[in-house]
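Dropping a structure here in structure tokens format, bear with me for questions.
We call the chains A, B, C, D and E, going by the order they appear; numbering starts again at 1 in every chain.
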Amino acid sequence: MSQENTEETQATETTETFEPKIMAFVCNWCTYAGADLAGTSRMEYRPNVRIIKLPCTGRIDPLFIIKAFENGADGVLVSGCHPGDCHYTAGNYHAKRRWIAFRSLMEFTGIDTRRLQFSWISASEALKWVDLINNVTDEIKALGPFMDFKNLKG
Amino acid sequence: MKIKLSKSDIDGALVTQISKVSGEDFKQCYQCGNCSGGCPVSYAMDIPPSQIIRFLQLGRFELVMEANSMWVCVGCLQCYSRCPKGVSAANILEAARQLSLRKGTDHERIEDLPVSFLKTAPQQAIVCGFRKFVS
Amino acid sequence: MEKALREKARELLTTGEANVIIGYEWNRRKTRATPAFITKADEVDRLIFNPLCVNNLSIYLTRKNKDILRMGKPAIVAKGCDIKNIVVLISEGQVKREDVVIIGMSCNGVVYKQGLWKGELRPEIMPVKCHNCDVRNPHLTDFVIGDHIDFTPPETPRGMVFDKIAALDAKTPGERWSFWLEEFSRCIKCYACRQACSLCYCERCITEKNVPQWIETSAHQRGNIAWNLVRAMHLAGRCTFCGECERSCPANIKLNLVNQKLVLTVKDAFDFKSGYDEKIHPPMIVFSPDDTENFIK
Amino acid sequence: MSRIGVFICQCGTNIADTVDTEKVAEEMKKIPGVVHTQDYKFMCSSPGQKMLKEAVKKHRLDGMIVSACSPHMHEKTFRRACESAGINPYMCEIANIREQCSWVHHDKTKETGTVKSLDLTRMTIERLKKNQPLKPNKIPVNKRALIIGGGIAGIQAALDIADGGREVLLVEKTPSIGGNMAKLSETFPTMDCSQCILTPKMVEAELHENITLMTYSEVEKIEGFIGNFRVTIRKKARYVNEELCTGCGDCWDKCPFKQDSEFEHGLKKRKVIYTPFPQSVPNIPVIDAPNCAMLQKGKCGVCAKVCGPKAVDFEQKDIVVEEKVGAIVVATGYDLMPNEHFGEYGYGRIKDVINGLQFERLASSSGPTGGKILRPSDGKEPQSIVFIQCAGSRDEKKGVSYCSKICCMYTAKHTMLYRHKVHDGQSYVFYMDIRSGGKRYEEFVRGAIEKDGAMYLRGRVSRVYEKDGKVIVQGADTLSDSQVEIEADMVVLATALVSRPGADTLAQKLGIGYDKHKFYNEYHPKLKPVETVTAGIFLAGTCLGPMDVPESVAQGSAAASKVLVLTSSDEMIKDPTTAIVNDFTCNACWDCVVACPYSAIEKTDIKDREGNVIRRLAHVNDGVCTGCGTCVAACRSKAIDLKGYTDEQVYAAINAF
Amino acid sequence: MLKIPYYPGCTLSTVAKEFDTSAKDSAIKMGFEIEDLPQWNCCGATFPLTPDNIMGLTAPAKVLAGAEKAGDTLTTLCSVCYNVLKRTNRVLKDDKEKLSTVNEFMEEEYAGGVEVTHYLEVLRDQIGFTKVTEAVSRPLKGVKTAAYYGCMLLRPFEDMGIDRAEAPTIMEDLLKALGATPVFFPDRVECCGAHLAMDKPDIVSKLSGNVIDSAAREGAEIIVTSCPLCQYNLENTQAESGSALPIVYFTQILGLALGQDEKTLGFEKNKFSPLALLRYKELL
């Protein structure tokens, strides 16, 4: 059986019960605080995301993302302060450059970019956070488990 | 005048339509009155431009359609040019005109116009006039 | 040309302006050009220069080759493409401009593989980089050997690598993934790519860092993907597309594709081409507030 | 092997409603290294904290996890508890199972919340296993302060800091301190004379033993970091020796050349050797070099001839000095929007259309007319004046989108001043909204209308033009729905307050943020209104945005108190979350040096005994590093790491996922 | 010789023929040529202010499509045509969707490759007013001339961009170049009443009256304009009120200054000819 076929059958089998694992790398000052605000405002969103807090998006290394996928993440979210809002004045601009190159690389390698999403979410954008988590979770749920990485021999 | 306000008036279909046709968002207007102050013909209007917008904010579409303002507006864009919020009263009055004309009722009839005017006026006046007044 | 080169080398060694000439010489059977390190003026006649001189010798300026560094001040025989790497090394503080003598060689192109050489340089045996070369007249030099070459590269780069990138771009992500999986599965983690690359000069490579072990060192699919992605990322905005990594890969992995893809990305996104100006910082450590993208929501 | 305690907070029912805390406690016990777990109603309460401390002792814990609310809430609380129980506070980590779990997943069966809490807690435990005890950094603090800008905010800050016993360096760009406030005639709502209340403060600043005034000087460069700034200041050549000058005024009396006075906004001329205004502090003139015949062409020199103490010195040069300070207060003030923004109001073309500060000068007894309201074109007393508010303000299309805040009040004041000086004059005010929030402000505006007869018209003015020596104002009164035309003698525009030209360049030098209008950004608009993102740099007054005198004074004092807090001890404790370089693997490629937004990383040389450089390395200055980690991601060989967020910690967390 | 594609429009082919001919003749004197589009239609004489009125864009779009065959610029004289063409062009360039809708209504396709300019802009930006001065052989010395801009030439500023909306100077600069004394008057950017001439002549009399008064008060001896409708309204209002300021197209006095025979400039069509004044000033 070819690889694509395996992927298909597994995807159809599990879509019903499949709960994607999503890893989020967020900055402490904007997105983490925005996610906190969603809680303080008692909003409701999909429970699939696990946050790893970092001081700034500038700290986020592509290594983290690769490692997250290797560890079975079905999707990775990266989020920080809007350009111009960085707590450290410029960390997010550095991050943006890095992401532009890294995303191009990932896309070229054939990784479905719907599984690797980037966003700017400020401390006040709880609603944006909620929408993002819901949309990404639903989208990845529809895509099924990320077999590209899970099938890797290792 | 007493206005009874309700949400259905404020978001009324006709008001929404005139907003859509004109491309203007009435909420933008903060009623500074600059348009009415600078309008060269507001003295001849039943309702001056800023008040037209105010009535639309309040959902009083019918008051706007009954007034002569749309037929008096000459489209000189002084209102828009000086509006601190970038709202064009001229667009709104044009939209009102369009909504009226699109019903098929003309505001002018060619046979009523003086022959001397038709003979001597620049074509552009006649073309323009008819596009503004006739469906 | 070789004569002029040998004369210059002799002069440099005799005057003491350089202590070692890093250049090319014949192998024993005279079938290939190999790196030569000449420290004595009377040995300069070993130096050669011809289309077989493919190797990017800039690697011998890095900390990876401490024994060469110990020989004293180097003078390096460098084609334009090699100089691009030297430029990056200078901009990254690895070499000081005043610490190296650059003997720039006018170059009409080299062979893609030395085995293809039949005594004549034909376009078919030249690598893509030579067809698109804009530094046939070397750009950062102390001396230039050889005549001025009139050659205008095509406005948009052409060649197999670019065609292949375009073809891959046109495929579905799934197809691309299968392609790369196939490619990277062949990797045996010999690290020849890293050894051949003069920009891979790290004191300790990330793959050798084991606390934590970001990249699995076993030559299995997962470790191979991580290694190759990370290496590509580390070269983003720095790679000069000299092609040494692919040339040295015993498994024939199409490293040029992935590296050139990032060269194109960096050019598009940040309007930067590496290897031209040693005074400009590489693009991945600086930023402009006007950087644009269309994927961050 | 670590001995970790895991404490799960129920937060009353806030967490317990949707998370089975007991189960979380039970499950976590199974993780190697965890020796004690417990759930409790309120971990942050005193009994809760007491429980923590006792557990530390009883189970000989060397690290702890509190699964509770967001670390932004109580991380400090729990870390403090940790510290008092004898373990390093940085060995305490928070798993956020309230804001990011129980409050956003309302599943009453508790399954969703419990599953997620288990994951979050496990990830945090694995992370904690890689934590290292950290010690806060101690940084020496220089106790001098620099104030940039000698307006009322800067003067107030300087006086307060000086009274607090610290040395102050007050740098002012123009030849005298005083700022815009010195130009005002009276101040609302009390109508005290501005100079009467300001001048004593100016003099006090000049005479205060702790204050060094540097007027006619500009800050060129700022280096260093909190507690340790190095500031380069250019003291522009005055061409007058400050030591010798007595301020007698002979020089400007005799100077034969005149220029428009900046202080009088062009309503009067000043000499080429001049003090901006009679009460200038210091009372030492400057020579306006580009317009001085002696300096330009070598002809004249009258001032030098008449100067008794021989203080005029045409050879004087700019002096550049470097000063060391520990804190900086920026109080650079505002400007009025330039006239090219007002085409339809004829401002700049019609002489009798002036701005608010020009009116202040006309009304001021020390002004160009000696306090008489006379119109600039012909010097006649205007019988009617139209005041136009929101000129350029609240005009997102051609001006600025914001409200300039003070115009409503000063326009009301102007109408009063006018009525007090021209008893039968009529004033008209075009306004859009009257914003008179503030103590006695509303009563003040009503007074202008009810007592002093100002005619308030609600509407904007469409255009202003000249006709037969009158200024015709054509606008609207939206309350009566009419077009209004007024034949006025004079028009006063309440032009928008804008940031100083060059405010952005100064911000870049200081490393502080500014908004699209180039007003400086406070660290937090509510809770840190006078602080900036750059530690040790504070803000006061209208460089932050439009505000009135009492607010500027309050901010000056607020900034001063921040400076006094900072300089209250010799050392400052700083968060240990800073980057650190591994000397063995550093490539000295300087990527981190370039990438660092704070210039916190330096290039250092390792030398042998003979002094030869054997290696070069990057080195992090803990005093400057803020711990953003941009350098870590930039380092290819991972030779730099961020304490508190090390690669190992992140790796462990990802692996536990 | 520089040839610029030119759109005359209906009025300049009939009622305002003198505007057209004087401009063409003047151009030749200054070393360029404006050349009628081989085929054109009426621009519609009013830009549709409501964005949903796509039909109103087709007539000007057809003109632009025709112009695209002739080159990448199109110049006009009539303020209204200029306004309609320039704004339509802007809309079609900015909104590709509208462009394709409009293209579906037309036989020819417009790709968005034309720049619309006014004759005044050609003089200022391409020829240069100093060049114009060099071509002047009959400087209009001492003639107090008021430039009346009206609405359509300037507004809305962000679309027209020819000059500052509240304080334009392009016509005054031209007048200076011709040796005349420009008269700035407050109402020069106010409206004349335009098409209200059709059914509300009282409004036109009032508005145009204001304009003339304002100019006269500042001492104007001639009013120049670039709009046939403004010219018509002002002239008619004058006839009613009994004052007698000549109201002419700017190209007519441009031609005069460039030394054209005054008989070819069409002053005979003006109700109030400036010739008497110019003779009195000994310029003719």
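As a convention for this text, a contact is a pair of C-beta atoms (placed from the backbone, for glycine too) under 8 Å apart; a residue touches a chain by one contact, two chains touch by 3 or more.
All figures in this text were calculated on a predicted structure; none of them were measured in a lab.
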Problem - Steps needed, at fewest, to go from chain B to chain C via touching chains - result: 2
Exercise for the section: Could you tell me which chains are in contact with chain D and with chain E alike? Expected result: B
Problem - Pieces of the assembly without chain D, by contact - result: A, C | B, E
Problem - Chain whose Cα centroid lies nearest the overall Cα centroid - result: D
Handout entry: Chain pair, A-C or B-D, that carries the greater number of C-beta contacts
Key = A-C
Problem - Chain whose Cα centroid lies at the greatest distance from that of chain B - result: C
Practice task
Report, in whole Å, the distance between the mean C-alpha point of chain C and the mean C-alpha point of chain E.
Solution key: 64
Exercise for the section: Could you grab the centroid distance between chain A and chain B? Build each centroid from C-alpha atoms only and quote it in angstrom. Expected result: 51
Completion exercise
Whole-angstrom distance, CA centroid of chain B to CA centroid of chain E, is 27
Problem - Where chain A and chain D are represented by their mean Cα positions, the distance between them in whole Å - result: 36
Problem - Residue list for chain A, restricted to those that touch at least two other chains - result: 67, 84, 90, 94, 98
Fill in the blank from the handout: Expected list for chain C, residues touching two or more other chains, is 206, 214, 284-286
Exercise for the section: Would you mind listing the residues of chain B that make contact with two or more other chains? Expected result: 78
Fill in the blank from the handout: The chain pairs that touch are A-C, A-D, B-D, B-E, C-D, D-E
Problem - chain D partner contacts - residues on chain C that touch it in the complex - result: 63, 92-94, 201-206, 209, 211-212, 214, 234, 281-282, 284-286
Fill in the blank from the handout: In the complex, the residues of chain A that touch chain D are 21, 23, 32-33, 35-40, 42-45, 47, 50-56, 58-61, 64, 67-68, 71-73, 84, 86-91, 94-95, 98, 130
Exercise for the section: Flag every residue of chain B that touches chain E in the complex, lowest number first. Expected result: 20-23, 40-41, 44, 72, 74-78, 80-81, 88, 90-91, 94-95, 98, 108, 113, 117, 120-129, 131-133
Practice task
Provide the residue numbers of chain D that touch chain C in the complex, in ascending order.
Solution key: 584-591, 594-595, 616, 634, 636-639, 647-648, 651-652
Handout entry: Residue ranges of chain D touching chain A (in the complex, touch as defined)
Key = 70-72, 96, 98-107, 112-113, 115-116, 119-120, 123, 511, 513, 533, 577, 595, 597-598, 626-630, 632-634, 642, 645, 647, 650-651, 653-655, 657
